[in-house]
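You will see two complexes here that share chain A, one where it goes with chain B and one where it goes with chain C.
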Partner chain A sequence: MSASSPAAPASPVRALLARINLQQYVVYVGFLAIFLFFAVVLRDSGFLTQRNLVNIVLQTAPATIMAIGLVFVLSAGDIDLSFGSTVAVSALCAAMAMAAMPAAAFPVGILAGLGAGLLVGAINGVLIAWLRLPSFLVTLATMGLVAGIGRSLTQLRSIPVTDPLFTGIFGSGSLFGVPSLVIWTVVAVAIGHVIYRQTRFGAHVLATGDNARAAQVTGIKVSRIRLWVFMISGGLAGLAGLLYAGRLQAAKYTLGETDLMTVIAAVIVGGTLLNGGKGSVIGALVGSLLMGMLNNGLILMGLSVSDQMIVRGLIILVAVAVSLREKTR
Partner chain B sequence: MLDTASAPVLELSNIRKAFGGIVAIEDFSLDVRAGEVVALVGDNGAGKSTLIKIISGVYAPTSGAIRIDGQEVSMPNATKAREHGIEVVYQDLALVDQQPVYMNLFLGRELTKGPFRVLDRRQMIAETERLVTELDVRIPSAHATISDLSGGQRQGIAIARATHWARKLVLLDEPTAALGVAETAKVEKTVAALKSRDIGVLIISHSLDQVFRLSDRICVLRRGKQIGVRETAKTDKNEIVSMITGV
Partner chain C sequence: MKTTTMLAALLASTLIASPAWAQTIGPNGETATPSSEVVLTDADIAALQGKGYKAALLWHTSSDFINAVAAGANDEFARAGVDVVVTTDAGFDAAKQRSDIETALAASPNVILSLPLDPVTSAEAFRGAIDAGAELVFLSNLPAGYVHGTDYAAIVTDDLFQMGKQAADVLAASIGGEGTVGWIFHDADYYVTNQRDNAFKATIEADYPGIEIVAEQGISDPARAEELANAMLLQNPDLDGIYVTWAEPADGVLAALRSAGNTTTKIVTLDLSEPVALDMVKGGNVVGLVADEAYELGRAMAAAGLKGLLGEEVPAFVVAPALTVTADNVAEGWQQSLHRDAPASVLSAK
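Let's look at the complex of A and B:
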């Protein structure tokens, strides 16, 4: 039992393998496998063109941003179901604010969009962290509530977004030839990763999700951490709403509606545990790209919408099963 | 020198704790001096764990005073108790299972470096390695994940964390209940090491053999009442057992 001191390991290769956790790499292997599959099957359908590959990244940008927020929430041992409808309300608030104040469209748009997201996050966080209501039920309720507000805000109409600065920075623009949505994705993932892995806050989020009592008795302010992760999720949903509004040059209540399941799947496949204590921002990025690639490839293969849904569901099932099985060993 | 060494680090006077109408602790008074090991014994439900929770700031006493180094303190939470140099080894260890050993040793007190205050993993790992070697906790490495360790190793980590941060007092709640013979001996050695560092130790244990091996004094609780305190050298098991059971 006490023989496991750093005595000479059997071989350096085995020692290395023992330290690498295979589970963390499931998403990368899966990503590569599906990529190779499409590359071969769809070699004549334009899957491998630079244009198509860039397109995949552009289309997944909002989902990736949402996924980062969900990594924090899940790692803290909670769940957020409301970010999808928050995206729509944030986009609508941004579009309406810009329409109301065209002179200062850019700053009021950002303020309104991010503000709406942060507000939903704060409401979730206060109900969950301070009133100690279960996050599943709270965010299930706010999901419906916020979706309803989104619909009533505009009587189901879509609102155009015309400010060129806004649509450039959050949509079709580029810097040194790099599309702005790619820049947003890279910046958000980089910042998210550093906060998650390299700061005390990130460590406290993981401790809270792993063993809240242990976190509490070692002086971690668990309630504050839980409030923060919902603020992060809400704020990032707001940013995702801005990206949708910028790219589509319009805001509508349907934005983000179908992202909930995709984002949850992306995050879980990316190695984040559903019940807290462990996760990966980079994994969530790859998971999100994997979902986008799947979408893209299945369309290029000419599958009907219903067939796409079935195949995607099955692949997510397999991916989740593999990554979760590896985890429990 | 002699005076400071024997001054009480912890003084509990007339501590009373009631939960609604139920009195868990009534009129409890005890001193723990620097470098002294005091054992708290009593049957299940005698109030031992409640007392530990009062000293560690989890519960506030209904009445009575807690003094640390002669200063009366109020301990509204666990953080405050830790600021006073009190560390606890909880029965459930309070470890974060999916994190490596070094993150657990520094849980809530992570070291950072640079203007952006990023985690200083290298420093935490180095200190962890030094500490586990010093305390002879045999773990594969400071990187090992807690969930991969044995019960004894996990206990070792929890005790190492407490001894590393304690400046005045360590509270141990059943530290060897789940351990084998060799591991128990190691924990007892660690307790003796705390003594030599002039840290007070308050230990809850169901094993009277262990209590007699380790402690300088024994305090007996029965149904929330303090039955008495005996110097270990001047008592025997029969007396303690009869104090515990009341027959």
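Let's look at the complex of A and C:
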């Protein structure tokens, strides 16, 4: 038999590569590559210090929490543009509630913050799932609406958060030496991952995003699933707001404003499809850490602000291009 | 809007001017020290060089103004052999500013120059920098509860009162100290613009009895300046002069005057901007621009931080002078304020 038999594998390496689903690993490979790059280039600039690495996790904690919510929304075939503004309103509601009732600051702060987030999520969900309005337009509208409410709540003023229990649990505290923001990140990612991968609800979310009509036919209550994913996104935006308020010991209408694009990029780079049916909570975590690490490393490289933006944009472009190309094959 | 005016939203509770509008004073009533008195001596430079000191510039945003401030700071640090290892832009985001501070601390800067985004959110954010032993110099704004000497080296800011006063002086001179003027002020709770606008008005009322402010018009959206100016001119067609709160709305006022064929009403405004400067050098309606010395602000910030690093006494509240720019000194004025050449269009039209 000739050596040109079509059945013969081209090479063992290619065969191995063919077996591995590369798309799942793009974000991890990218993360590792960029980490190694900074570790070498910035070895004398403090990048590898434990404090700096912990800082990256702390700084990305709110974005990671938001990203988990977005994974659910995108996986269900929808999009949420309003979570950034929801963060600010949640933080402000929590801060105002705590200022109004200092005796019960901790519980009322949590209730007000999460309640505000869940309310925005519920409004989005009802409009999208039951009134069948497109999620892009609904959340574009609520993004502006909620941002406006955030601005008017306190006439643009910042509200201090002084309750030590609140700032400890949501900000600067730690348990057995582990900072609370790290704990929040780990817990939220773990719960999000389990719900996404191991529960019927998670499967239904993916089925809805893959093909809503088919999902409906198989008995999945698509409208309810869509309502829930927006509630999850809103609730997690509320939690992110609490984390910001705890970390800054203050709430301001600008919180979360700049997170929208970072979080969307983190989630997409992390392997979640924009048009639904596929995603990864762990990938979103790594994507979020990747974004935080990029910010951190580029700053420590001493680049000018304009150069930081250009390099960050190019790297995200490459990462998204690679991950999306892999997925569409 | 230029950054200096944008900053205003952030400043409201930190700096106050005396009721008599006599001068710019500090957040806790400190008297202002001119920035020209905060200078590194040769001995200071010698003591700083070769020590491997590092600096970080943690700005709140990016802009022409901040570029000029940073240029002043960078040059002064370079003179002292201090490396600027980190430059950041928080994009007006308090959370980003906190992250920027933490990130910068990994590079162990000895001096940090920054504009705290607002007193409340920045109070906790800068604590880490104080704990790390960095000398902090703030531009215009002070985190709540911070104490001079222990928490920060100095605040450096514009002489806002002088900016408004000098605008009044240049307009008054152009109309011979007599006549009627319109006052277009920034209708918002913005510290910087409020201070400058009120200083103009107070100076006209106190120093120029022959001049009467006959029309007052607040403006919040610079894009509406032309229509507001049209309305003002309709009711007061014989205005001798108009004060406009900053250069961007002055473009609109200028457009209104041009479309009315009005070549006699004089305009004075604040901050350097190419369109209004071009009108000024061509002998149009604009008679003067009053600017801050952004480059000098940066230089003084760096010098204050380095003096603090050397353990020297640093004044708590440092003020950089205001600068009146007219057609006669436009080239020098641009250099003095922003430390770069005036736009070619302005220079060639002279």
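Brief remarks on what is shown
Quick note on the criterion: the second predicted complex is superposed on the first by the 309 of 329 C-alpha atoms of A that agree within 3 Å, B and C clash if a C-alpha of one lies under 4 Å from a C-alpha of the other, contacts with A are read in each partner's own complex, and residues count from 1 in each chain.
Here, a contact is a pair of C-beta atoms (placed from the backbone, for glycine too) under 8 Å apart; a residue touches a chain by one contact, two chains touch by 3 or more.
The structure displayed is predicted, hence computed values, not measured ones.
In the superposition on chain A, A:306 makes contact with chain C only, not with chain B. Using the contact criterion defined above for the overlaid structures, shared-chain residue A:204 touches chain B, although it does not reach chain C. By the document's definition of touching, of the two partners only chain B reaches A:217; chain C does not. In the superposed model, A:46 makes contact with chain C only, not with chain B.
After overlaying the two complexes on the shared chain, residue contacts for A:154 are found with neither chain B nor chain C. When the two complexes are overlaid on their common chain A, residue A:258 makes contact with chain C while staying clear of chain B.
Overlap of the chain B and chain C interfaces on chain A: none, as no residue is touched by both. Contact residues on chain B toward chain A in their complex (touch as defined above): 56, 58, 78-79, 82, 88, 90, 92-99, 103, 107-110, 112, 117-119, 138-141, 143, 150, 152, 180, 182. Across the complex, chain A meets chain C through its residues 45-47, 49, 51-52, 55, 58-59, 62, 156-160, 244, 247-250, 252, 254-258, 295-296, 299-300, 302-306, 308.
Of all the residues in chain C, the ones that touch chain A in their complex are 9, 59, 62, 84-89, 91-96, 98-100, 102-108, 118-121, 123-125, 144. Contact residues of chain A toward chain B in the complex are 1-6, 19, 194, 197-200, 202-204, 206-207, 210-211, 213-220, 273, 277-278.
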